[in-house]
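So that you can tell them apart, the chains are marked A, B, C and D in the order they are listed, and the count of residues begins at 1 in each.
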């Protein structure tokens, strides 16, 4: 059976990050060669359909998780437990099996010679980690990361928390303008909750700075079949619903019809 | 909260009997005083509804299980794994929690000074074990037990297996007439699969011997509320659907409308 | 008053006030009732009945009904199939034997569920029940999927529902709740017919048509074949139909169908229910009712909400 | 021949013969197809397509459709809510871009699913598609719950279904399969209308109306409110409607609704299906199709059964 898109892989290592965040590492050389920053996998803790009849347990959908790190086949997923699917993932330990579909979607466009601002919120962090590794040798990068509280923040150049428990207090976007000016930014990448991305997009638009966002969406197939993950993309009066899993998850911030989301 | 009918009790001991059969023992003095032979509990491996929303696991119905033994509070359930509910029970070990509703139903009528034949098939064994302990001091008892193969049989006076792997080969009812004559039987109790009970009832009817059967039925509430477990009981032209969980599970064999089951 | 709802911790003295509800003409101490056919006096041995706002009995018919042949039950992956066939002792036995028992033991409004095979039969039943004290209302079951040519026929035609309800409403001042079937093309139309006939509330949903077959033998799991499907698997359907009906009529809705937890209950209030009932959940968790009310009361208190704050306010 | 169904072990040379099926005018190598909107070329990267007897594409309409606003998906306890709104590029783009792709890559019959807002529109579509080679049949979607005043209106009226099907059947010699909605009072009547109009097969069921609400915020999980409910939770409903329809018509049935495993498939054959499709299961288990065919083939072989031995022979 040709299962190029579907795999089961054992967890090699599990790391605890903070209360709800953890990292799962798998090993697959072929996948290591394939995945690009911004791409994601649809993953699931191994669930069997075999006995759906009488198991009392109904298998659920896969969940999209970005590539957090890729060390030539050592692939990491950084995950936040928010609901059922991620809770099942949070129970996995080294040796347990992960089901994977992917890599899916288009990655971030990669440039050289830019002064780049990375803006992430909460679980928007992982795709930008992989991205900055790809960009770091040929660009200047400044990374702002924000979260609700200390548990939501991870290494970056500038930290914001809403409760002020660490770093600067407030929302991460409040500091964007300052840094854009300070570092003469000409390219922005962002990933995080929708309201944050919308604010970030407004700022970049007003300054006419190129800006790529990685969007989230509820997914069923994750491979472009069902059109369930669609978001409105295009010009104000000429947009269409594009699939986060196929044409996305990365879109040009200016083309996202934020007012319709 | 007054929960007289519903309890959670820890398993004190678990015993393996054969491949699919096992016994679970709990300890409850009040229940020990209450239960009579032929009564049953609706039991379930502890399942939580709390997170039904997002657990991926939908709690299922309780399953009726007879009182197999009662040693003044040390209560035993002898169980055969046949489907989902009993499979969940089969996974329980000492210390795990059992949910219990009961005791339910009416027990066997108890007599003295009788020459009794017990006839059981497969998992019809447990209620008769408890019953014979109640009867043994004041009656003469001969117990015939049958099953498909060696794994289905348990201590009794006479064993039948369909595959002949142990005891006499054939169906247990084939030997009834012989024993009825030999022991001058004037009372029969039986429990087992429906076809077996129907044959046994035919034999007792032809000989005009008093006969009580314990019937099985799929149950939802187990306490007489839903009428889901009903079976046709009464005279040939004047019967009604009675509840196995409430008016049963023990019925006079002559009143069971076998032709309608 | 605090003692009315014993399941709610005494530290939160207002939960019982937040839980007070109305269903048409009835004042309910809590918005929780039980689905006809899934709860009876025996069930009250599980918990303090104070968590219930009203008691709905198993449907009775003019004459005794034997019910359907067994097997009548089968549990599917996500719900229950039943085919009871409205087994009941008939109106006279109900009035003679059951009603006194209810009157004596229930500390809450009693709603009597009835079904009939003709408008006349329904009218006869109401007439007789009107002469009995201790009844707060009627649930008119025009939607049982397990009885051929009876009940269900009424449920699918708006005209018949209108004439039935209009006749019945002229016979009683008690709460008149019409229980609808989900197995129709347009439930809103049926609900509007009931409202036009002067029903004082709507109950929904009854069981959905469902079936299961033993894949090895081909034997239907339920003797009669097609049965009534209930439980967690029908929740999305019940919620959609509650919302549709709430948009279509002004009279209050007693909603049910797959409600297991207080979170489920809140979904139905948002969708437009004034009160809710649990059915299949009673079998799966005999303490479903007190746990639901405890959770609901706690949530309302914590968020300083009453049910009327959220009723029908789903954001779409 | 043995190589057609690679998923079946070579030691059992007859499984592929036992799996051969017919759906109306079509000869199928296996009785398994895919539910419209849940499977596309991308899905074929998961497994050897030889396990499929036919390919049903996502519904297309005469003109491009933007689709519904997000969120369009929500997973419930026992199924999936979707509200795609028939997003598709329209007939012309389909014929220009998609059809050549299918023709080039599919090694099996292609069934094109179409929907329209009027009988005329349906007719225009068939007329255009008739001029395109490489199409084996049409699935006429008169049952999508996510499009207002389009499709669904057809699905609930027997008269309209009759006139629609009668016109379409006069336009084509290809397989003409009418896909019915479960959200009707009497599916048998609609199926009979389709048969009278000379449909060559019936597909059922499309999604059931369903809804889910965030209990904390009251926000509908799906932007448009009421959505289409599919998956394991609708299996009992689909099975009941398959049985009802099989009793009512002679033309073959392509059944779907909650089919995940080969055991599910057998239940539908007993109930009267000639072929089956998997939809939501494709998302939950991308290998559902080959696993189903492997299990089904093995079971048929072991018990020396063909599908016609069990089709419609449910014992009630």
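What we mean here is this: a contact is a pair of C-beta atoms (placed from the backbone, for glycine too) under 8 Å apart; a residue touches a chain by one contact, two chains touch by 3 or more.
Here the structure is a predicted model, which means the values were calculated and not measured.
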Which number of steps is the smallest that gets you from subunit A over to subunit D via touching chains?
1
Two chains sharing the most C-beta contacts
C-D
Starting from the Cα centroid of subunit C, hunt down the chain whose centroid lies farthest away.
A
Could you grab the centroid distance between subunit B and subunit D? Build each centroid from C-alpha atoms only and quote it in angstrom.
46
So what's the Cα centroid distance for subunit B and subunit C, whole Å?
34
Could you put a whole-Å number on the gap between the CA centroids of subunit A and subunit B?
57
Which residues belonging to subunit C are in contact with no fewer than two other chains?
77-78, 232, 263-264
Give me the residues of subunit A that touch two or more other chains.
52-53, 58-60
Which positions of subunit C touch subunit D when the two form their complex?
76-79, 81, 156, 183-186, 208-213, 215-220, 223-227, 229, 232-237, 239-241, 243-244, 263-264, 266-267, 270-271, 310, 313-316
Name, in rising order, each residue of subunit B that touches subunit C in their complex.
1-6, 49-50, 52-53, 58-62, 101, 217-221, 223-232, 240-241, 260-261
Residue ranges of subunit D in contact with subunit A within the complex:
6-7, 37-40, 42-43, 45-48, 58, 66-67, 69-75, 77-78, 80, 82, 84, 87, 232, 260-261, 263-264, 280-288, 290-291
